[in-house]
Amino acid sequence: MRKGLRIADCGNGRRIADGIWQIAKGVSGLREADFSNRLERRFATLHPCARIVLCALSLLLIRSPQSAILEAQAAPRGKAVYDKWCAGCHGDDGAGVGSAATYMLPQPRDFTKGVYQIRTTASGELPTDADLRRILDFGMPGTAMPGWESKLTENERTDVIAYIKSFSKFFAGKAPTAIAIGKAPSSSSEGLAAGRAAYQKLECFKCHGDAGRGDGKSAPTLTDDWDHPIRAANLAASWRFNGGSTVEDIYARLRTGLDGTPMPSFSDAVESKVVSDEDLWRVAQYVRSLSPEETPAVREVIRAGRVEGALPSSPADSLWAQAERYFVPLTAQIIVKPRWFAPTVDGVWVQGLHDGKRLALRLTWPDPSRSPDPAWDEWLGRVKQSVFEADGAVPVTQAGDRLVLQFPQRIDEEADRPYFLGGNTRRPVYTWRWTSNPDQATEATGTGLGKYVAAAASAVTHSARFNAGEWQLQLTRSLASADTTKSPIFREGQAIPVAFYAADGSNAEDDTRGSVSAWYAIYLDVPTPPRVYIAPIVTMLLTAGLGTMVVMQAQRREREHGRSNLEEYR
Amino acid sequence: MSRVRQALRHPFWQAFILLLVAYLFFKFGIAYLPALLGMHSAPVPSSVIMQYMFIALVGVLIHVSSDEARWRQFKEPVQATLVDRDKKWLRLSLLVLVPLLVGFATYQRTRPRVDAPIELRSIHPAPPGQITFRGKTIPLTGLENPLRKRGSMPEHLRTGQRVYYQNCVACHGDRLDGQGHFANGLSPAPASFADAGTIAQLTESFVFWRIAKGGPGLPREGTPWNSAMPVWEDFLTEDEIWAVIIYLYEQSGWQPRRWEAHGAAEEGKAP
Amino acid sequence: MRRMLLAVVPAFAILACGGAKEDAAEGGAPEQGEAPAGATKVAEGGASIGGTVKFTGTAPANPKIDMNEEAACKAKHEGQATDPEFVVNDGNLANVFIYVKSGLPAGQTYTAPTSPVVLDQSGCLYKPRVFGVMTNQQIEIKNSDPVLHNIKAVPKENRGFNISQPTEGMKTMRTFAMREVVVPLECNVHSWMNAWVGVLDHPYFATSAPDGSFKISGLPAGTYEVEAWHEKLGTQTMQVTVAADEGKTQDITFAAK
């Protein structure tokens, strides 16, 4: 209903509003934008029947003007919306260099070139209005662009699109047409194998890597049309795909390419029979299969299951396949100096196992570079040029990658947790610090991000493995603490607060430039104590006994006194 | 039909229906009814529902026992269930069902829990009377935004917009809804200025304090160890903070809460 | 260095265009470019501007290309592959795009040739590296390597494109509608691959051959602003007056930066 009868769907809501405006403007002193927005809001509150009647009437009464004329009227109205909500990123002149532009990567769209990534039109063509509308309404996952459907009215969005188009001379030409997109063949395991074969044949791995994690050989060299560095998409994180995560979305991107980026269109390859249309669909299905079906949910408690045999000895151990994976989102460290606005790692997968004596954690996270790697020098240089170097120059040489876990020094459920960002001098944190170069893990006491004192001897052991654009790291420590003043005892059945920090050395990251998480908790599963089963049985027996007693007593009384008392009152 | 009407006049069923309605109201009514009128609300915690239900139960018992006749009438179905021959099966099934229910409730309480520790925090803790901003003492009580009386408003808005987009937008978002591109993963979530419960409830001096001192500057009840709000006095000048405050109110459409003309000592926060 | 370059870059036939003085161009340079094949010169004149592009100073060494990832491309190069930014022979500079910038009779229109210009990708380099086309003249982009190439045009006045050619032998036709000197072409799979195309609405352009020679012919008498463009050395403009049927010699000199 909501979708079915909005003003825009009624013939053309804009047309009605404009028509009525034409009639009304001589009478009232309203500004036009105010008028049409009010009209639209008013219209939305009407009874559906009234809306239909009004639609029909207005379509009969009002001569339908040309859409170009409508757009010419809409653009100036769109300017007000644009200046208020869009200019901060996209700039007053639409060139994509607003105040926030260098504080993000990818950077805001430059509307003056008329080059758009997400289209339904052929490579090099302009997007259709519906393409622009989709991005405006729902945003672009994996970028700073949010969806505006909930914030701006129908009219405001129509107007702002007209205004955005006015930034580029190319929209003056004839309207683009969407390419025809067929239907996906039904999915099957053979289909996925065919998709994998086509992925190899089309050499998608050159940029996206063998496992699709954006770690291909060409990945460090990629730039967009504005000479900003651009990542080959991590195909294992479909929730961050700019143009949507369905098989149809992916197929459309393969056909149209992502203009302005290195991603080419495969339409010519299909037309010249270099690849069949079906195989391209198979590629789309294969790519989709690389990501979890659902966007990973964030859960606060990470359960570490108890194993009876030996704990895994490396992150490649098959035992880890049985441990549940928890996704911990990481966010840019833009809280204390020096900050970094374009970190690589946006989440870590955590698994835990323990055997009653030791706790083993397996951490996996996508990182296209095994830092330091000379192939990524070029990337580092470009990132340094494109992203604002807040709080001092960023490193010019690549450091290693790193991952830090922090815990409170003592685990006391009553007490406050230390400051989540590395603790402070008043409440230090206990950390496990792993670096790729040199490959080592140490225990340390942290008194703030990047401020730490390593322990003389480390009780934490590690095993790290870089595999096709992914770090896999196992960290293991005994539940007992070597020094209870500095490190906590891990107890079964207890929520152990934990927070994470990750950095990619090839992306100018170090001890404070990187990604951080909030506090989470690791829970070490306990063997279920017998009282869990005994207590319910006892209470059940007690209740049943008590109930039986009440019944028996009532019946005895009934036999002794009859129901005479009751009958007296009737 | 008449049996239903008869049942409705019966104190036992009246009591039963009253309690049921009370429970549904506490559980769902309080959470969702005000929303229909556009007011904000939240679900009632189960422990509070228990308290409310206890009070309701006491009230209902007082009602049914207030005169002897009603009390007897109330007890009648209970007594009948306990003794009547034709209610044998009902009696037996209750004797099985009730213990099962109690057993299940016990299991729910004793089974191992894996919830993260609950933390309560005050959303708008009481501000201090004065703060030290980069070594300068600024009294907060009665403080107004100095930029509103100085310089040009369009200029302040331009500055405010720049400051917002360079520093705040990543978390608080360009829709001002606390859903910026780096908001994901922060706990507590960044404040939504679009929400009627944040800046709309505060004086500009309170907002200045929160921006200047950030998460680490929160008093104990605001759990400083979790908020990711930076200490902005390390990054921004006094005027930049006042400018971004002007921008926040202009962009969100809210009005800052004003100091009472006479009550300068009043706290700058929502009641 | 120069000799080395000539030795390592394989000889390669490029345009099947008439009037070529040599059979092959080297270092990715096209042969002497007169008007594109099949051009119908509406404003036919008998004058020409020709000469040699000279280079003074020492050319920087061309960057080495690491082709280890692309064995098939590497095999097409003898020894170390380099990116032919500077193709200098005996003080003569190739890959300079020379065109009439202004001075042609107003209102005159020129029809694009019907035959396409061929842009080949071979040994993970573009052949030719610098060339001209007329507006709406077909460019036949072909892949002679058994590897994936993508061809991305990043114009300012025209609409761009970004197409993939995953297999050897694939051909794709593209055109540009607007005058634009020059449109960069690039391959993102091989970040070193660059080419430049000058798009003009008239046929009076040429690209300097490996021996530095060029010739723009068929010009009517007049005074023209002529511009020479090089990818690293920038542009030079000059005024050139030609009488009817005059064969004017206009040498151009670029100095090392």
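The chains carry the letters A, B and C, assigned in the order they are written, with residues numbered from 1 in each.
In the analysis below, a residue touches a chain if its C-beta (ideal position, glycine included) is under 8 Å from a C-beta of that chain, and two chains touch if they have at least 3 such contacts.
Remember, predicted model here, so these are calculated numbers, not experimental data.
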item	value
Pairwise touch network: line, ring, star, complete, or other	line
Per Cα centroids, the chain farthest from chain C	B
Geometric centre distance via CA averages, chain B-chain A, whole Å	27
Chain centre separation (chain B, chain C; CA means) in Å	70
Geometric centre distance via CA averages, chain C-chain A, whole Å	45
Numbers and ranges of chain A residues touching at least 2 other chains	none
Per-residue overlap in chain C, given as positions that touch at least 2 other chains	none
Touching residues (chain side chain B, partner chain A) in the complex	69, 72, 76, 79, 82-83, 91, 94-96, 98-100, 102-104, 106-107, 110-112, 114-117, 161-162, 164-166, 169-171, 173-175, 177, 179-187, 215-216, 223-226, 228-231, 234-235, 251
Residue numbers on chain A that touch chain C, as the complex places them	113-115, 123-126, 170, 201-203, 206-207, 217-218, 221-223, 225, 257, 259, 261-269, 272, 274-275, 378
Chain A partner contacts - residues on chain C that touch it in the complex	69, 147-148, 150-154, 156, 159-167, 170-172, 188-191
Chain A - residues contacting chain B, complex	84-85, 87-89, 98-100, 103-104, 143-144, 146, 148, 150-151, 298, 300-301, 303, 328-332, 334-337, 341, 347, 388, 413, 416-421, 424, 427, 493, 495, 517-521, 523, 525-526, 528-529, 531-533, 535-537, 539-541, 543-544, 547-548, 550-551, 554-555, 558, 566, 569
